[in-house]
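So that we are looking at the same thing, I have put the structure below in structure tokens.
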Amino acid sequence: MGKTIIPIGPYHPLQEEPEFFTLTVEGETVVDIDVRIGYNHRGIEKLSEMKTFENSTFVVERICGICSTSHPYAYTRAVEDIFPMEVSMRSKYIRTIIAEGERIHSHLLWLGLAGHFLGYNTVYMWAWKLREEILDVMEILSGNRNNYAMFKPGGVRRDINAEDIPICIKKIDSILPTLNMLKKAVLDDPVLHARLKGVGVLSYQDAIDFSALGPTSRASGVARDVRKDSPYGAYQEMEWDMIVTKNGDVFDKAVVRILEMFETAKIMKYCLNNLPDGEIDAKIKDIPPGEGIGHIEAPRGETFHYVKSDGTNRPMRHKVRAPTFMNFPTYKATVKGQTISDATIILAAIDPCYCCTERIAVKDVKGRMLYDGQDLIRLSREKTEKMKQRMGVR
Amino acid sequence: MSLKLKALLKSPWVFHLSTGSCNNCDIEILDCLTPRFDIERFGMLLIGSIKHADVLLVTGSCNRMSVERLKVLYEQVPKPCLVVAIGTCAGSRGIFKDSYNCPVPLDKIIPVDVYIPGCPPKPEAMIAGVVKLIEKVGGA
Amino acid sequence: MTFVYLLVFGFAATAVLGLITSWIDRKVTARVQYRVGPPFLQPFIDIVKLLGKETVIPEGASKVTFLIAPVIGISGVIAVATLFWVNQFFSEGFVGDWIVAIYLLAIPSLSIILGGFASRNPLASLGSSREMKLVIAYELPFILAALVPVIAAGGSIRLSDIINAQAGGVFAGNISGILALIVAIMCVQAKLALVPFDIPEAETEIVGGALLEYSGPGLAIFRLMKNMLFFTLPFFLIILFFGGLRLNGINILWTILEYVGIVAIITVIRNTNPRVRIDQAVRFFWGPMTLLAVAAVVLALKGL
Amino acid sequence: MSFNLIIDALKNPNGFFASNPLSLLCAAFATLFFVLIVVYSLKHMKGRKGVWRYYIYTIATYVSSLGVLFAANFLILLIFWGLLGLLLYLLIAFGRKEGTPATARKALIIVGATDVLLLFGIVLVWKITAGSSGLQGLFHMPITGMGIPLSGTASIIAYLCFASAAFAKAGAMPFHTWVPDTAENAPTPVTAFLPASLDKLLGIYLLARVTLDVFQMTPTMNTILMAIGSITIVAAVMMALIQHDLKRLLGYHAVSQVGYMVLGIGTGNPIGIAGGLFHMFNHSIYKSCLFLAGGAAERKAGTGNLAQMGGLVKAIPLVFVTFLIASLAISGVPPMNGFASKWLIYQGVITSGDSLWVLWLIAAMLGSALTLASFMKLIHAVFLGQPSEGVKKILADKKGKRTALSTAIPLVVLSTLCVGIGVFAWKIPFGQLFRPELSGPVDSPGIWQSGTATLMLIAGLVIGYLIYLAGTLKKARVVAPFVGGETLEDNPDMRVSGVNFYMTIKELGLLKGIYRWAEKKLFDLYVVAGKIFAGFGILFSFMHNGILSRYFLWFIVGLVVLCIVLI
Amino acid sequence: MIREEILLDFTSRFHADILDLEDKSNTRVYVEITPESLVRIGTYLFRNIGARFNIATATDLPPKIEILYHFLVEDINLLISLRVFLDGEKPEIESLAKEIEAFNWIEREMSELLGITFIGHPDPRRLLLADNWPEGVCPLRQDYEEWDETVDRTRGV
């Protein structure tokens, strides 16, 4: 009998980004799975080698919209690792605040999308409503909802105003009760238990073999967190817990992420309250030849950057490894034997970020805007005119 | 203007197509659905099948894998259909212009009706863009 | 005369009320999610818009089957809606009885399945097969639950008799009636393919399931059909458990309350649950729901 | 001495054959099917070895069935009944599949064994009624109008013997297992003629005769009949859900539908019995239509394996339409004929007064939904869905699009009957044709106005069409299906054959175990009995050698021995 | 085990294969090894020392290609980078993916972006590049040139 393949993707409502999964099924049961990626490949690594060290920060920021802090953070740490040098305490704190803000918004985003994938749109709406508050905080601190552009080799680009801090703390405090309610709603729902428990189990050994990272590995009992293992930023300054669970199923991955949000809020509040004084930028002039490695704990796991410099003002080789690149192949171990309905949520449970995985984009010296708003409006009008004519004919 | 066209403007169902984006625009599109922005107020719905779509929201810089598939997909949309390029990448390929894997700009592949620039454009900007589109078409 | 009923009540009134119900559903959903929700006329606008869209037919599909499936579905809904309305007005009965109603109510599902199968799309095939599995899952408790009013009405299967038997007191006032009503509402949820039983359409799994390939007028008819069902099924429950629509004096208020109450329960269920897997759905209907329905039937046989 | 009696009996031919309205009706249907099957066979059986023998056997079968229908006493009935079993064996052997010889053997043994039971039943009846009157009674016993009360053990056993023979012929549980095998392995016209239509007519005819005329039913016996009917309905259709072979699946439905007839007759009230008998005719119409259409599809695709079919609608649209109509009829979708007779049976069940009527009603109605489910699977796997690689080649061949006239005529006639009887003629049988069979006035608690309902449905169709017209139907455009941006042409494996649609149900808790048992054939009386008999090793292997003459010998020897013993 | 013990154990065990060892900082060690010994050393690090595989980075340094395999020993925060040099004309190396799943994708990626052949790779299909990308054209090589004439480098609109 010929095998039956059910496609998920490439353009599928499950995924914001295009990826093409082929599930080989028997009835509703998945017996095999394969994936074709590359729909998102932009060649960022090559581009990065055309840019200066400063400008590369902007390119890596555009590797992924959700990880737009992790990549610059890891990249700046890689560049700083070439000499090596330490940045000032204040900029460490600011970096930590931004990174943790990203973590909480990323986890909320995942939670909402997971709800959406399960058809539980109320969770989706509620989680994203909370996420808006965090985005507000980020907008206050950095001036933008995403792509914060806060990082540069040697420090941060923008300082935090003292008067903004109480507002931010208030906002963070304001979401905690709702977050608690959401936590209860999600973790105590019997239907969700039925849907998620025991589904897509990643065993401890598999987590090791696949070198799984971040919440994906922590849900399987592998206590692995760069913030603890090789501390950076301000993480050593305060007490916080690493959340580890045992079962490795989708439910545990959700538990890890939800509980982590509370830890993250704690860290953010500590950093905001105890922000030390000092310079925010070490003003690096020249970058000597050498190799640098930077790795940080992104919301999805360890982000790893490798930069090789030959003494010019451009990186000679820039390698980006996003957490999803390592987490993603675990689908092979987790999806087989599950049903199609479960396959989708299992795929979502590692919080995949294909843009990161397929990075290899290019940096562009000029920055981003090519046309100003007026041009675009004009062009838009012209197009609309054409379209009106077309529709008028109909 | 016919009743059906008027109805189209009051109930544009959008289909989201990412052709190699950085996720940011895509997430902001989803954000438009959520309580703060709630585009269902304008009758907009994000739908899963391209055969139900009235508006294609294209994000990203159109890499080699996407080019052929984009043409096929555009064929599949029931007309009339509007195409909105969300973000700088879709509008002009942005910083990815020189990449080896982004050969052709979006509007050389399929006709684009509206460009919404920004990296990423804020949800407000997207809504404003689509509303402007509606006004333009509706003004005929 | 039949055709006047059919056009005025079976089609026009049902369609309008169904679209309004669909608006109520969307609005309540939006409010639960802290959103504003669509304007009042939105469901109507959607239908009109779809009529203006191009019809695209998937390549290699059976064109006639693909196009006729929505028509079969809406014809089934119109017939069953007419049946309910006219039985509501005439106590001597009309066209069919309880059995006919249950069979006619299966036609919309049948049309969705046929349409999905004719789409020549693997995802649509999968969606249709799930719809079919769902039908056999909920049919058992649904028949049992719907049997309770028949028993309570003394074994008469004429809808008009069931309505008349509740002149003194509605069946939903009995223990058996309440149990059966709970089961029936869950089954209606599945019949309407709403969360947690939207498995056949599961947008994030199989893109839209059986309706994936439909566009333009075909989709418009299917949506209209679903919206009409959204009115017809609660109407059926009202006939079975609340003695039909009572359109005199203060009873109008009660009728509206009953109707809106049923719709609200359906909407709230749909907003507080994730989608279940198909095997879980089958287990749910053949397990607890059937037991509950059997309990209701036994109680009804004992006269409770 | 006994020879004199036989000669006496032969001198009085009026005692051999008699007719009544039901047997006339059955004979009319048998004639109809005979003609249609012969027409269908012209194309289907062309070029097979010994085809002239096939026609001779078919004619002999037809004649024998007339003999059964018009038999005026038990001996005539028994002779033709036995002959039919033998002809069944011979006809099945025309199949060209691997399992054909085994199937033919199985059918012969099951039917033959129950023939012996029939004989035993006849003898018992003879003992009860005229035990002292010598052999004469056996020849002159009319098969109607005796009314033996089911009070003593002997009469109950006698009734059960008759019922077993009827069940085996019609294919009700637990003697059903030869039907699916036959459906899979016998030639299509044979299946459509014997298990699907003729055997149903004869089996249920006998059951009705025996139940209504020879014995007086008791409520307990009615309950037993209804239980057998209900179990048959649900169990057989559950098996049908998971089948992988087109005709085997249809075979299980041939079993399942018998359940409705048994249930109808078991209700014991006029409306239920009318429903059961009506269902018998309806069933033979749509089931032979299904078998013939399925056979045409199988011939076109070159295989009966559902996994390798699909998309045949483009090659044989006419066959698809008739198949669809017949499957809607068998699923009981109003206003087809299947709904009308099922509706009558439900009315019968509701008014039967049996304390478990809810159970029977639920079984029957759920069975109907399950039937729909398995036919949807079939329609998807065979006609709709995506074509398999093999079917793609057939579709590419333009020449193959025509349906042969000799195939088309039976299909069109039968599917027209499905709709016609359902809409127009459904009141005739239970009002007029079965009147003499029904003991009391027919009054139905429900309403079913098929004419008005059909008009309403047609009006709905018109409304739907008008909505289409308001839309953009005229400008329809053909585009590739949406599978996430990929194309089906590049990914031929993206094809859902539909074979495993109900795997979910198969693997559901308790059902999983039951299905596993069923697949091990633990519910197959033939296999179970075979295992028991395996203890008698040598004898069994001697009996079980597949040589026809020896089986026939055993049959004759058994008959003779029994006669001698009884005399 | 502390840092020194691990390093001592490691160097003594594989001293024949280690060409060079650069102790860059407290948390970084670069070890140059012979390509033949990669599978042995890599598996040892992964299985026996319990290091986590971070990633491999390949760089085209004509006339050679350099691959760095990064392993992180989490307990002591030590990142060990194994460095191998391959021939730029015909880069070939034994695959680690057949031993450890984690190497699967990165080897596929390196093989298409830099044209390195991994001998014995269980699944040597293309990972990132498009279906119509020509064989043997490796975008991350220094000598990469635009091959597609249809490419349009204008800004669009």
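Think of it as A, B, C, D and E in the order they're written, each chain with its own count starting at 1.
The rule is simple: a residue touches a chain if its C-beta (ideal position, glycine included) is under 8 Å from a C-beta of that chain, and two chains touch if they have at least 3 such contacts.
Keep in mind that this is a model prediction, so the values were computed, not measured.
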Q: Go through the assembly and pull out the chains touching subunit D as well as subunit E.
A: A, B
(Q) Going by the touch criterion stated earlier, list every chain that contacts subunit A and also contacts subunit E. (A) B
Q) Centre of all protein Cα atoms: which chain's centre is nearest to it? A) C
Q: Please report how many Å separate the Cα centroid of subunit B from that of subunit D, as a whole number.
A: 58
Q) When the centre of a chain is set as the mean of its C-alpha atoms, what distance in Å lies between subunit A and subunit B? A) 23
Q. Taking each chain's centre as the mean position of its Cα atoms, how many Å separate subunit C from subunit E?
A. 60
Q. In angstrom, rounded to a whole number, how far apart do the mean CA points of subunit C and subunit D lie?
A. 34
Q: List, in ascending order, every residue of subunit A touching at least 2 other chains.
A: 4-7, 10-13, 18, 28, 38, 41, 43, 46, 125, 129, 339, 360, 370-371, 379
Q. Which subunit D residues sit where two or more other chains touch them?
A. 477, 479-480, 482-486, 494-496, 501-502, 504
Q | Junction residues of subunit E - those touching two or more other chains | A | 129-130, 139, 144, 155, 157
Q) Which of the chains touch, listed as pairs? A) A-B, A-C, A-D, A-E, B-C, B-D, B-E, C-D
Q. Within the complex, which stretch of subunit C touches subunit A?
A. 29, 32-35, 122-123, 126, 195-196, 198-199, 202-207, 271-280
Q. In the complex of these two chains, what residues of subunit A are touching subunit B?
A. 10-13, 15-18, 38-44, 46-47, 50, 58-59, 62-66, 68, 109, 112-113, 124-125, 128-129, 131-132, 145-147, 353, 355, 360-364, 366-371, 373, 376, 379-381, 383-388, 390-392, 394
Q.
Considering only the defined contacts, which subunit A positions touch subunit D in the complex?
A. 1-12, 18, 20, 22, 24-29, 339
(Q) Quick check on the complex: what are the subunit A residues that touch subunit C? (A) 4-7, 12-14, 28, 115-123, 125-126, 129, 189, 191-192, 194-195, 339-342, 344
Q. Given the complex with subunit C, which residues does subunit D contribute to the contact?
A. 311, 313-314, 317, 320, 332-334, 339, 343, 346-347, 350-351, 358, 361-362, 365-366, 368-370, 372-373, 376-377, 379-380, 383-387, 445-449, 452-453, 455-461, 463-465, 467-468, 470-473, 475-484, 488, 494-496, 498, 501-502, 504-505, 507-509
